[in-house]
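Sending over a structure as structure tokens; questions will come in a sec.
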């Protein structure tokens, strides 16, 4: 991991309050990044925001030496990040966390299950899986049609099912409703999204081995402050989301 | 750079900069960013007698120019720390300050006793952690109890003891004097101010623990004031902390009366902050007309 | 907008927003920016018995997300205030809260007595000003003395008395309870935290007075924590303050337990801040699902 | 006075660490401004800087509807102001303070005596005096040749004497040395600069009526907080620099 000051190449609105930010990253560094890892971003230059913001890595482009992030404007930090434009400097810790263990699994068909801002990290993961010859089916959940993004991008990887809470696009309901109605299954699943969604997914797919990407409020982002812990299944110890995660085996942690 | 050297009880510091306890774990993570031998010292995370899992999350919240934390003294217990965490630091040329916490005076004693078999250079006696319900903070708010813990830990320890003072008191000078009389070799100050943030959506305190410790630049003026007053009242050295993120900040603490400083929250903003400050400090000393760190200590006092 | 109404002792507030004492003088300057009748109330600058010239300059310093001040209670004396400053405010449809300060209990009594002939709606008893050497702050740090001042001023005054609490104490709940028992009609909190900044060039405290009061967003978490705890311990209303600069901040104070709020430092950043907040508050209440201001008071408590 | 959000037209370095900033201001407002008044500027958008920064108005251009400020980068606030460029928004309280009482004085020859960042407000003052047919002689003090600015501009108003502390430009020494060596005198003097300079000027020109523009650390900038007081000569009361000043009769206040 390193602290990197680099340039924003573009900032584009791709859905309601949702922005795609492309950032220049040199090839040597890009090559060390695994799907599921995140960057920890400094907001502004002064002291107002002392904590960085964790954002998942959504895609890498080795040819153009760029990295893509997708984030939703949620509070003051993401609001300020959104004002960055091409040419502006951005200060990152990169790469953070462990990522999905794609080299360790044996699978022929994998389900990607993402909710809202949990969708972005699944995209680069899906690309890598497809490259390994693994079939990918994506289930993407959003609040509403205006929140949907990257549906077309995921279609280049395999089948895509969209669910919206209000039914304005795709299936009316949650990602778990899609799994039911479309009767989806795979050898493995990878999921990222709000805790309630992850719990529902874990319950629904309790027979399938899976990996979850968790969110927790962070301090350091590198494993030094113990802010971002999650209890292990036995309750006897904790793991750090920023360092041991954000990706965990579903059976490993308490949600 | 000999102009940065400071000698304190048990600590021959090559420079006055060290990470603050709880913000640097046991160093391993930050060793990815720079050579830890560069640091004056390292204040490692609090140790209790037994393993503690700490508070439920959320444990941190951002506030304006600061943050709240309620980690709750999560640590693997003093024995595991000695066996599994401190050996890594032994490979660097840097004195280690252990942070000793507990819920009872006996626990403080036991932790200090356990640390006799480690190679630490000093103890930081944490009588001021606001995030543990059973105990902790009371020890830091009553001069007599503070003195008693200090006395007992001094007896148990085989290294100098620095007492970490809580700012959440009416009269910090009284506590400082009491622990000095009780045998403290030095003081470290300030720990966090007790604060709270409320989650407007969830309609409850944002931190699961309710209250948390406020740190970062927001609290610097409080730290400077307390160090300034304590410096005039005691004859033991002070390691200052609270909102430091630049070499100018360090000089302000030196002028207030600190002999060395610790950097906490700013490590999260910039993992290289301690290293950057060490690089900048000679220039800042020079800019403001000081020959050395020791030359600046206490020089902000009107009668200095 | 009736959803913003709050009824407090002596104060039928059309909305819960008022400028904090010392940050708004007697209103004239801000009346250039908006109609003062828009405000819920106005807390005017501290009054002492006789004219005071205050401290030497510099009297203010900026700090990260905050500021220090050591004005030193400069004011023309209570009689002049009644005769020359308050009449201007009488032309607006807004209840005025007078801030009463003093160096002795007698002075507090005398100021409160003098104010009987004015048309103020309530008194804010300032037992917590940290910037006056002779007295002031001690009154706010000892529960018994705080209670005694409260009792005496209650007897002297012909309007409800709100006691302004100092945050520079180990146990603010004890002080709050003591003044409640002594007859306080309400509390206002918090006053400034005592802080200091040092001028690196001059090698002395930046403020001529040495210490000053820290205010602004930096201290908001401390204010929220103290209001949260005091709310659970007393049955009189709290007017909250400390770092407010937006309607979201106001809601956070309401959830913590404040029934109304005051805005201090943010007036300097934006002279229209109180007016802006009054405009925004209905939308913010609505966004977070509250029907009215009174609906939100205390709702951040876990058992609320 | 009003709070104005307006646009920066240009930001230009004109001497060592010294910047000239031109700002759009509508004609109606421009017409209310008197020489010697100042603006109180918000630094950045967030909470890091809660206090505004007072900067004197240096010049007005009615035709182009602009106002010129000149400031030196001193600490963090002015450092951040300096990063503003054409098109950026700037938030001002305008106009603040009282200004020089040019309509109340009877004079045929006036001395303008400025030191460092005390020079800017004298420029628009000088222009106004010249317009009233009053002869103007300017004495401008700077640290060093690299700090000198607006020497040519002041030459359009009348004679100009420059003094530098290190002698690298003009007279070696202080503005008071110039007054001695050039044997300058006038019916009135107007001075702005560091307190030590003002004291020296006041002593030197004790027989000439004069006006001083003072600096003091400010809170509100509008007269409401009592941060910026200066004692009156009798010591019995105070004046507020932001509201009663920044310009005072030299005999009126204690320096």
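Per-chain numbering from 1; labels A, B, C and D assigned in written order.
Basically, a residue touches a chain if its C-beta (ideal position, glycine included) is under 8 Å from a C-beta of that chain, and two chains touch if they have at least 3 such contacts.
This one's a predicted model, so the numbers in the text were calculated from it and none came from an experiment.
**Q** Write down the chain pair with more C-beta contact pairs when B-D is set against A-B.
**A** A-B is joined by more C-beta pairs in contact.
**Q** Compute the distance, rounded to whole Å, between the mean C-alpha positions of chain B and chain D.
**A** Their C-alpha centroids are separated by 46 Å.
**Q** As a quick test, compute the distance in whole Å between the mean CA positions of chain A and chain D.
**A** Between these chains, centre-to-centre, one finds 55 Å.
**Q** What's the distance between the Cα centroids of chain A and chain B, rounded to whole Å?
**A** Whole-Å distance between the two chain centres: 36.
**Q** Can you give the whole-Å distance between the Cα centres of chain B and chain C?
**A** 33
**Q** Can you list the residues of chain D that touch 2 or more other chains?
**A** Residues 46-49 of chain D each touch two or more of the other chains.
**Q** On chain C, where are the residues touching two or more other chains?
**A** Chain C, residues with two or more chain partners: 64-66, 217.
**Q** Make each chain a node and each touching pair an edge, then name the shape: line, ring, star, complete, other.
**A** Shape = complete; every chain linked to every other.
**Q** Over in the complex, which chain D residues touch chain B? Could you list them?
**A** 46-48
**Q** Write out the stretch or stretches of chain A touching chain B in their complex.
**A** It comes out as residues 1-3, 42, 47-52, 77, 93, 216-231, 237-238, 243.
**Q** Given the complex with chain C, which residues does chain B contribute to the contact?
**A** Interface residues on the chain B side: 63-66, 68, 141, 168-170, 193-198, 200-201, 203-205, 210-212, 214, 217-222, 224-225, 228, 243, 248, 251-252, 255-256, 288, 299-302, 304.
**Q** For a test of understanding, state which residues of chain C touch chain A in their complex under the given definition.
**A** Answer in residue numbers: 64-65.
**Q** Applying the document's contact rule, which stretches of chain C touch chain D when the two form their complex?
**A** Contact set of chain C toward chain D: 22-25, 28-30, 32-33, 45, 53-54, 57-62, 64-67, 69, 71, 74, 216-217, 245, 265-272.
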